[in-house]
């Protein structure tokens, strides 16, 4: 009986170990660069405790609640309009960006446009629109629409690029016009995923709409920032809790929609 | 060599009054009594859903029995609590139908998982296994014919090879009892025979009892020293494989069409 | 056997489903209409908008590249540190929460629920709002920003990590239990190897998003390039603003390339 050669086992994985070590070293380095000292942290904890204490109990003054409700409602409006507008626009834009359906001279500029829409944080886009069209909901709507296009159009284009072209070919072979080819060859394959993107984006817009108000683009963000600056921390807590509740509801709604479209 | 089953006094495993109800009032196992001798292959046969898998999983309590006692080397397994249960489990090796290997780990890592009941989590994480245990692992791999695959990922192997790794892992525990839940059901006929031969060899070398769930009756007849036939959650046959007549098989499985 | 009782009409969805779908479409359209009617948008501003945007873009050109060395570079590096350190902290805190939220590892519903509640709360509060809170606690600067990114990311990482854990195959876990392995070993050798690819994908994904988010935290005083943007905007120095936006764009693109590269290497 010949003894097979026994390979070495559990050899230390040096690249992985170095990477972990590097990560650890970086964390220490970054912490020191950012001036994380222990005292700052401890003082901060004390401050934090005091801060949290001032937030409880949440303010339930009826006048303030009405103000908050209006702010939330405006955020909801912004989210709905921006989502619908963004999603509707993303359909053609995403379609035009699909490299397996469209020629290169068309897909490249469109993809660049989509990338631009995505690169900037919604807040930055919101600020730009506030400077352009003034304070209020319009800036928020435009900002979130742009952000929606950046996300939904990109994923939509990627989903189209992953479909089986055979089905598209089959529809084309029947002599159908282009829109029919899209509707019956492309869409059925990507519809479920598209619904997933759309619901995700609505949820994202809802979260962000509560925030663009901080820079003046409408919605409850403005109310919240005002409360913050006035040191009205218990009111701030009420607003935060309300926002969390709205988002949880929206998540539940999302799950329901996804089940419906499975 | 097919010996008659041993007397109770020499039994390694004694099951008394074992019942299991997954849903109240719907028992899957009815008051099962069983003695397993301290050597030889015991094959449990019977149709699907008759409680074979439940029975075998009650032994190492992957499934919790509803009532009954399971005495292994004098200790009632059903009464054990966490640490003692783990100590008992590491003396019982198990081989699974779907191999149950950790796909992304190497063959050697999977085999060494058999020692997890014996070393601390910390050492296991750092892979600081004693040299002697690694040598044992290699010996096992040699026995199952997989030495050159030691550093390959488990998901790169064929079904038969994976089952061998599963067997090596179980034997790595230095078990006093080997359980196998349909170990050949996912394998082709030739590989099935090889795996059964391997388990017979292990049972003989280590002088430990082997209990195998199997639905392939010819395989059971060929390799078992002792056959347990189950039907409807009860044992309806207990004896040597040659005592298994067609009538009894009909009683166990019902229907005639499947008999050759 | 007769066939008279079989409904021969071809329907894609059951009546209940169709009703629900219709309700959904109707709901969306209704929400849209209601919103459009009640949202306070001054029409003049709307018509003015393209012109205003064009005017703003004109003022941003030419980009003041020279300002980079002096005013932008350090802030940009600080932004990257905030994003990376914040993500690392978040991962450290999110792993235990993700484990607690996974039904197959911790089968106590109350614990799962509580962990999931924490994770949802972390996600629901925007990073900018977290930044505000931490500026109030720690004072302005990068510490507040890092904590904000960390706390915001916990929910994201924890939720996806918990879901990855719940999707692991139960077979290998059963085998390790049967071998008498202690709980920690079962986690290290049974669960962890199965979720490693997902873990790195989640971590990289979150880092990428955090880079974007860190850039704006400075607007509320939490450090990074956001503070420079805020100053420049208040002084109407649009060419500098344009420079900073371009710098952010470049960093985001580089981050995405880095993430794609790392993903190919380790997953």
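Letters are used for the chains, namely A, B and C, taken in the order the chains are written, and counting of residues starts over at 1 for each.
Note that a contact is a pair of C-beta atoms (placed from the backbone, for glycine too) under 8 Å apart; a residue touches a chain by one contact, two chains touch by 3 or more.
It should be emphasised that the depicted structure is a prediction, and the values quoted were computed from it without experimental measurement.
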Central chain (by mean CA position): C
Pair joined by more contacting C-beta pairs (A-B or A-C): A-C
Centroid comparison with subunit B (C-alpha atoms), farthest chain: A
Intercentroid distance (Cα basis), subunit C paired with subunit B, Å: 47
Distance from subunit B to subunit A - Cα centre to Cα centre, in angstrom: 51
Distance from the mean Cα position of subunit C to that of subunit A, given in whole angstrom: 6
Subunit A contact footprint on subunit B (complex, rising order): 106, 108, 127, 129, 134, 138, 142, 147-148, 150-151
Sites on subunit C touched by subunit A in the complex: 17, 20-21, 24, 28, 31-32, 34-36, 38-42, 45-46, 48-49, 52-53, 55-56, 78, 81-82, 84-85, 88, 120-121, 123-126, 128-129, 132-133, 136-139, 141-143, 146, 212-213, 215-216, 219-220, 223, 229, 233, 245, 248-249, 252-253
Residues of subunit C defined as touching subunit B within the complex: 169, 171-172, 174-182, 184-186, 188-190, 193-194, 196
Complex contact set, residues of subunit B against subunit C: 60, 62, 85-94, 96, 98-105, 109, 113-114, 116-117, 120-121, 124-125, 166, 169-170, 173
List of subunit A residues in touch with subunit C within their complex: 23, 26-27, 30-31, 33-36, 40-41, 44, 47-48, 51, 73-74, 76-78, 80-81, 84, 115-116, 119-121, 123-124, 127-129, 131-134, 136-138, 141-142, 207-208, 210-211, 214-215, 218, 224-225, 228, 240, 243-244, 247-248, 251, 257, 260
